[in-house]
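Look for chain A in each of the two complexes below; its partner is chain B in the first and chain C in the second.
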Partner chain A sequence: MKRRAFAICVASACAFGPALAVNPDEKLADPTLEARALALSREIRCVVCQNQSIDDSNAPLAADMRVIVRERIAAGDGDAEVKNFLVSRYGNFVLLRPPMRADTWFLWFGPALFLIAGAAGFAAYLRRPAIPASQAVPELSADERRRLEELERRGGA
Partner chain B sequence: MAPELGQMSIMLALALAVVQSIAPLVGAMRRDLVLMRLGDSLAVGQLSFVAFAFGALCYAFLISDFSVRVVAENSHTLQPALYKFAGTWGNHEGSMLLWAMILALFGAAVALFGKDLPTTLKARVLSVQGMIGAAFLAFIAFTSNPFDRLAPAPSEGAELNPLLQDPGLAFHPPFLYLGYVGFSMAFSFSVAALIEGRVDSAWARWVRPWALAAWCFLTIGIAMGSIWAYYELGWGGWWYWDPVENASFMPWLVGTALLHCALVVERRQTLVNWTILLGILTFSLSLIGTFLVRSGVLTSVHAFALDPARGVFILAILLGASMGALALYAWRAPALAAGPTFAPVSREGALVLNNIVLMAAAGTVFLGTFYPLLIDVIGDDKISVGPPYFQSTFAPLMLPLLLVMSVGPMLKWRKDQLPAAARKLRTPIILAGGALILASVALKSVLSAVGLALAVWLVAGALAILAQRIRAGAVAFGESARLALSLPGATLGIILGHASMGVCVAGIVAMSAWAKEDVQMLGPGEKLEISGYVFTLEDVSLAAGPNYEAERATFRVMRGGRPAAELVSERRYYPARGVETTEAGIRSNPFVNLYVALGEARDGRHVVRAYVHPLAAFIWIGALGMAAGGAISLTDRRFRLGARIRLDPAPSPARAA
Partner chain C sequence: MRFSAAIPFALMALIGAGLALGLTRDPRQLPSMLIDRPLPAFDLPAIANGGGFSSADVAGKVALINVFASWCSACRVEHPTLMRLAAAKRAPIYGVDWKDKAEDGAAWLRRYGDPYVATGLDFESRLAIELGVTGAPETYIVDKSGRIRYKQIGPITDEVWAETIEPLVASLEQETGS
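So, the complex of A and B:
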């Protein structure tokens, strides 16, 4: 219960404060490196927020993480190395793009499987035995039946 | 006194709903006209009592009756009247009451306007509506009583969450609920048809307008939420793939599939089983959306109700409704008559392709929303699924959908040839191909180029439908104009809807390819520049609103030495809740949004975040255009004709639509 209350407080600090995200004094001088840092921080989740990247978040911890990203980049790390560093510190939770591994296999390939399953289902449907169109149009008899009901109702009233 | 009357009304409405869920159903089984007709009065009675309760709650909010707990927790005497009123549904209890009222409204609509429905079908539909109503009224009565009293009553309320004090958000929930709950009609008609054991085109003529209306409301609701997030959350995003956004997006995707599929049932009496399944799934996803938001299972910006007891109750409703309906489906659906066959290349085939992709898309959103929960439960790890996941999975899925969107309407029912369709689409193919080549050269980004070419493809494809229907070029101009004026609503609807999707795609691509931003510390007179626009901070002053204090910054934006806009951004502080919000300054025209948000002050200067968003407005113009297309489609005579057809033995004139 306490943990939840804490989470709510923190979440509201993230979401409801005015969004500043990257502060001017955090930015790297080199525009190419800064662009990389910006792109990278959009893939990193703020650990104390609900569903916000560290670029969007106003939480102090997100600011720390933004600085870490820039420090690593300035030190010459590649994007993957920066991510690995953050994962080693905060866990897989920080990756907004979840890692591909055995238990996320379905997450990543599910969409393609849905599509294939849909196509296979459709193919099976198309191969079903044909029904003569004359048998498959109940419309006329339905109308007649309802007209009959209508007449009965009027007759009864 | 009014709150007690309101509470009593809820109990009475619950009692009526329970009877409504049983009596007409039994009546239909026994062919008892009296019991069947009872459903009508019960549905109207249920609506009257729920509406009375809702009115009583509105009244408590408007007169600031702080002896009522939800009013004390969500209102304030200084709050503007609009937000006192909107506060009625800006909290868990009130929003569930709104949910129940809209549900009762749809039930009563069947009772009052369904005079031409077959008596047994109508009775069964009303019973199913009654069951849903009873479940939600019980939920309100036993876990979420909006009329709980406080003793002693506080002298002042705690105020509505300032983030929700916004005209856009005030009417976001009602629209969203009209959409969610509107799909209950598709659900009730599907379940009733399964019990009934038969479906015909009259059934589809009834279901489609209701599903279409619900879809329009949901589209507007989602668009409003997105616009609100864009200007109120202050970081210029318009869609976050937040679980609660996903919760409204899943019923939208499946609802879109349902609309298109119901078209096939109406015109060709085939794909009946599948349409019924979609009707069940769409509403089940609406219930899942309600569950996600109301239970707080995924705490997010939106989830402001965090009581597990409520979560379990809604989960029970959700499982009861969807599992019950699906079991009924498994049992009864095979008995329904299968319709005539069709070739893979045909209007039906294109609509099936639309359905497959939309379902896969909805499944993807579902996976992305629930997978973190699953991993959390089965393993000891925690993962996040954020926008990058959806960009790599959802976006590619849209490609075949958007491609087939312009082809489908050109295909004939039952059987057609692709070369014939390609001939009709010569102009869109040339335009989209040209756009692809031009954009690839100019943008150096294949993805953006493909996106823009698709946008052109959709708009040109929609206009090709128009050109075909008015026989542009083939007959004299006057004749074309005459044909244009007499186009049926459904045709205008598809043209506007599909073209609007193209507009929306253009906006999305432009936002992801060309949006530029900068953040700087600015003092008065200092400036920053983004893609040729120079933002100058003119001055910062203090301002006071009815229930907040604000720092108000004025910006002048120049482009090429000429004034482009004056923007005002505020940082507001609401003392009652101790909450700060940002009001972004936005100058919007269809081609570019200039956006500036004032941040905190340091040493006499302010953090200023500025954006230039080309074509951003296209996203929402497109979304609202789609809703307008749906609305125009609703005016089509055929819907009314369908209802009247059994009084008028003359066959409906065949239409080329």
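So, the complex of A and C:
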């Protein structure tokens, strides 16, 4: 019984997929074009909410952008052309994956640089001698040794 | 030894300074891609009162295109300034009623006053997406040759008008349209 309930859950999850903001009336009739529109919508940033794709967003402007993406795909535009249409109006910011260019190298490789710098710093810390020569405990002088012996003798008595 | 001990503090100070600088910038202020590009062609239908307008109506003069909506609370903030500008007839202001019902936009203008020489409806964000609108209010300044020269994100306050837009309008009016 439990197994059957589980199977039904899995089957329905596969059938319906994750909940999306796309309204049924926005969808294209052709499933291959719709799949392309969906993939493209996930790459385009909603400029109202800024950290969601237009596919995830419920903002009215995102809905209008989904419609325009689908219109252009239906009109025969390639993926790059649709992206260029939006980039020329909103800038590269509208792409959730910014293009790799001279001015975005730090964005793409910055985290790796920080990781390498941190690892190098940590390695240098680990390889440092336990007590540097400059901080080594100096030998006792003859005077000090005599005092120490005397203190030990008195303490031990 | 002394010197190397200062490195982590220097790094922290550097990162802190970078983050502090980041805090002073508003991520909503996206730089416009359309500066110096021609105004896209459009023809907006009228909202309930009066005629709509098209890109041809705006051509040949320095004009303001103001994106507003009845649901937009910040538009109420700039509205008195727009009314004063309209009364002074400094430059024509065209209204784009964005993602709004025509009757709601018209009722809003009846209630608070209508500063626009013409108002068009953009319910499906056709013009808004062409212009790269990210929210309301936004205002575009068009020069005599029909190019977009400035984008104001957020309300036009008296301060914004006096310090930024008025000087720009004055200098654009000196230009000869080509």
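Structure notes:
Throughout what follows, the second predicted complex is superposed on the first by the 87 of 157 C-alpha atoms of A that agree within 3 Å, B and C clash if a C-alpha of one lies under 4 Å from a C-alpha of the other, contacts with A are read in each partner's own complex, and residues count from 1 in each chain.
Please note the rule applied: a contact is a pair of C-beta atoms (placed from the backbone, for glycine too) under 8 Å apart; a residue touches a chain by one contact, two chains touch by 3 or more.
Quick caveat, the model's predicted, so the values are computed rather than measured.
Contacts of A:Asp143 after superposition: chain B is touched, whereas chain C is not reached.
Within the superposed three-chain model, A:Leu33 lies out of touch with both chain B and chain C [touch as defined at top]. Judged by the touch definition given at the top, the superposed model places A:Gly91 against both chain B and chain C. Shared-chain residue A:Phe122: touches chain B; no touch with chain C. In the superposition on chain A, A:Asp103 contacts chain B only, with no contact to chain C.
When the two complexes are overlaid on their common chain A, residue A:Gln50 makes contact with chain B and with chain C alike. Residue by residue along chain A, chain B and chain C are tallied for touches, and B comes out ahead. The intersection of chain A residues touching chain B with those touching chain C, taken from the two complexes, comprises 50, 91, 93. Within the complex, the chain A residues that touch chain C are 47-48, 50, 60-61, 64-65, 67-68, 86-91, 93, 132, 134. Taken together, the chain B residues at the contact with chain A in this complex read 118-119, 162-163, 198, 200-202, 233-235, 237, 240-243, 269-270, 298-301, 306, 337-341, 344, 352-353, 355-357, 359-361, 363-364, 367-368, 371, 375, 378-379, 381-389, 392-394, 397, 519-521, 571, 579-582, 597-600, 607, 609, 645-647, 649. Remark: chain A residues 4, 7-8, 11, 15-25, 27, 42-43, 45, 50-53, 56, 91-99, 103-104, 106-108, 110-111, 114-115, 118-119, 121-122, 126, 128, 130-131, 133, 136-139, 142-143, 146-147, 149-150 touch chain B in the complex. Within the complex formed with chain A, the residues of chain C that make contact are 1, 27-28, 30-31, 33-34, 99, 124-125, 128-135.
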